[in-house]
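A, B, C and D are the chain letters, set down in written order, and residue numbers restart from 1 in every chain.
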Amino acid sequence: MVRSVLPERSSDGGSARLEAFSDGILAIAITLLVIEIRIPSVNGSHLGAALRHLWPSYLAYGLSFTTIGFVWVAHHSMFRRVRDVDRLLLILNLGLMLCVAFLPFSTAVLARYSFTESSGAAPAAELYSINMLVIGLAFMSLWVYLSFHLSLFVGDVDKRTIQRTILRAAPPPVVYALTAALSFVNAKVCYVLWVLATLYVAIGPAARKIPVWVDAAVKSMDEEDRGPGSAK
Amino acid sequence: MVRSVLPERSSDGGSARLEAFSDGILAIAITLLVIEIRIPSVNGSHLGAALRHLWPSYLAYGLSFTTIGFVWVAHHSMFRRVRDVDRLLLILNLGLMLCVAFLPFSTAVLARYSFTESSGAAPAAELYSINMLVIGLAFMSLWVYLSFHLSLFVGDVDKRTIQRTILRAAPPPVVYALTAALSFVNAKVCYVLWVLATLYVAIGPAARKIPVWVDAAVKSMDEEDRGPGSAK
Amino acid sequence: MVRSVLPERSSDGGSARLEAFSDGILAIAITLLVIEIRIPSVNGSHLGAALRHLWPSYLAYGLSFTTIGFVWVAHHSMFRRVRDVDRLLLILNLGLMLCVAFLPFSTAVLARYSFTESSGAAPAAELYSINMLVIGLAFMSLWVYLSFHLSLFVGDVDKRTIQRTILRAAPPPVVYALTAALSFVNAKVCYVLWVLATLYVAIGPAARKIPVWVDAAVKSMDEEDRGPGSAK
Amino acid sequence: MVRSVLPERSSDGGSARLEAFSDGILAIAITLLVIEIRIPSVNGSHLGAALRHLWPSYLAYGLSFTTIGFVWVAHHSMFRRVRDVDRLLLILNLGLMLCVAFLPFSTAVLARYSFTESSGAAPAAELYSINMLVIGLAFMSLWVYLSFHLSLFVGDVDKRTIQRTILRAAPPPVVYALTAALSFVNAKVCYVLWVLATLYVAIGPAARKIPVWVDAAVKSMDEEDRGPGSAK
């Protein structure tokens, strides 16, 4: 690509274009979720019942929509602080997108098998758990990579702040790892845990009261805290 | 996410990025509507008739396309005036997007069952009415939330102006609530009411002559009107 | 919407946002075309033949892709010159988008029936012709509307220049009206005419040599030509 | 279109808008890949096995996702250096988009036939190879066209730099031409070669050590090298 030789129109470091492309993928993945809800093919007199029986599809749609929605929020929140994008960050981001764009498939499998056919509930919950877990890990890999390349950020960045952010983003992947293990024991419990994880993400890791144990963990690995600014 | 600690590339308050993401979702949802029109699988000699028999699909496509189109217009008209986006506004907007992105499903159900099989017309119209009603309510929830957080707007904003906007946006949800009640009585009347509601939206609540009763309602709750500027 | 009362973040006249939304719809419609090409469900040993028999799908894909591609080019070419978007222009543009977003359906019907089942070729070509004709007319309606509202343009605009542009855009709709009439006579001739119309659009009405008769028509209705600048 | 006569809002040369439209198409094509993975329709007790048997779909999804992802990277890398877009460049770019947007179909055929039915593996690999080859050639056609129209670039550009870029982009198309020839001999070897070609693209032609033979080729046709700047 011989980048340094050919002159460029603008030198934004690539962060803006990466955001725009990722936004496009996330917006499409979130909207494709509905495509996988099957239109009932029944006699008209059974349509009402058929639509009600699709409630696992509606629930799965809601769960995945909310998840992708907050992946978008968190993604923007990250790249707003990033100035330069190097090749490995680009690849890690593409990996995250690959996992998120796969979610319409996992969601459709979950919706179709989770409640209607009991023996299919376990592998469906397993697939969904693994997909969500991998999304969480891919997202954390971006933060971890950035924490080792602080020069990619917009201004001066404190490494401890990044580590705290990573810890605060940890609970959802932990939950999905747990439901991956639980799916063959009790698939219904998984749903409860997913809703809780989604609520945790929605309310926001930034909300001060909730992740008390996270703050404790941060404090234990970070004794010399620098005043109220970084403690927020 | 420890926002205040990490420096950012730009501090646009998040309104522009929320608009771009919402625009993406709306553009995709509006274009996915056509995917749900089933390609006829008939003998070639019956194709002409099969295409003509799809007219409920074409009508439903037109209705939903127009609705999403004007949701986009109204959404832009709202966020053009918003400077700061807080977490709850973000979640309310995601809720609106969730409802709009669901419309391709409701539209497909409506198209398939509304006219071809009479006993399926009622639940199909019911589903469509509820989807449209919830879109309207989600949209109003954004205005209501903003009316209690005037500091999120670009400049100084008069609370009464917002209330008037909310009242002007009220007729369509009222119509959809009505058709939700009517769908089991007469599904065909619902279509007529939907077309009227869509025309109301298309012609625009800003058009001065039409919603006279709305203006009357506004005036009764708002005696001291400040001249021609706010009366527009 | 009480536009004049609430302050706005920017006053771009709405042209940029309308372009972005239209671009989104066009990009999605153009990409959805491939979704409608059916994956063959055959025994592996017949896959090669099945893929070759899909050639009407490939041709229809190419035709519609090129058409939407140049609708995008022409749309951008128009709105680059527009500064203000009023409500009727917005509605006309939504109408154009509605017709373009419908094209994946017409294309799929054409691909499935045009060559494989002879008796289905006529209605399939008819549907496609009408869809393309309506796209052309919707596009011209935008130019015609603009020609009566020159104040919406960026700078001073000569009404004759607009009329010339409209005339130059006329040949494709004329061809599609012709194939709409011809489809029940000979569907194969329609394909030839469509390819020619697409080539005309691709080579560009701006190319000086081709639409000689158009220039003659313009000249006859426009005797007092103002020098080489407007003649271009 | 009478471009020179009507005034324009901005004169960006068309490069930014072409990028935005292409980005939209690429983002949609990459996200549509998942749509083509068929949700298993099996008895719940066989779902686990059915999901595992879909591994060719997952592999094909990963391959095509990565390919489109790096087409996006390379496309941006190219157009960041382009200031003016003329009609032929526009058409060449539309040709590239047409080929990329077709990939979800080839990917779905590959996933369905490559491993499950041995006699279908050859034509499926053939289709995929040809699609990828044509994408590569379309991409190179853009570089070749630009190398003959250096005035379209942002600043002063050395023709040799462009030629070197073209040569560096050559290995993947060569691999796909090879697998197009090999597909009827051994479809499984094709997969290995595709993964290698994707890795080559991912690691980046800019990486200095890998394409040694390319540098040798460049050097042989380019004896008078101008110092370390252009040698990079």
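One rule holds for everything that comes next: a contact is a pair of C-beta atoms (placed from the backbone, for glycine too) under 8 Å apart; a residue touches a chain by one contact, two chains touch by 3 or more.
Here the structure is a predicted model, which is why all the values come from computation and not from measurement.
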Subunit A and subunit B share contacts with none
Count the residue numbers both subunit A and subunit D use at their shared interface, divide by all numbers used there, and answer same if that is over half, different if under half.
different
Considering subunit A as a copy of subunit C, what rotation angle in degrees (nearest 5) results from a C-alpha superposition of the former onto the latter?
180
Between subunit B and subunit D, what's the gap in Å when you average each chain's C-alpha atoms?
39
Whole-Å separation of chain centres (CA-atom averages), subunit C against subunit D:
28
Would you mind listing the residues of subunit D that make contact with two or more other chains?
20, 24, 28, 32, 35
Linking chains that touch, what shape results: line, ring, star, complete or other?
ring
Which pairs of chains touch each other in this structure?
A-B, A-D, B-C, C-D
Over in the complex, which subunit C residues touch subunit B? Could you list them?
1-10, 17, 20-21, 24-25, 28-29, 32, 35-36, 87, 90-91, 94, 97-98, 101-102, 104-105, 108-109, 112-113, 116-124, 126-127
Residues on subunit C engaged by subunit D in the complex (per definition of touch)
15, 20, 23-24, 26-28, 30-35, 37, 39-40, 42-45, 47-48, 51, 61-62, 65-66, 69, 72-74, 76-77, 80-83, 153-158, 161, 164-165, 168, 202, 204-206, 229-230, 232
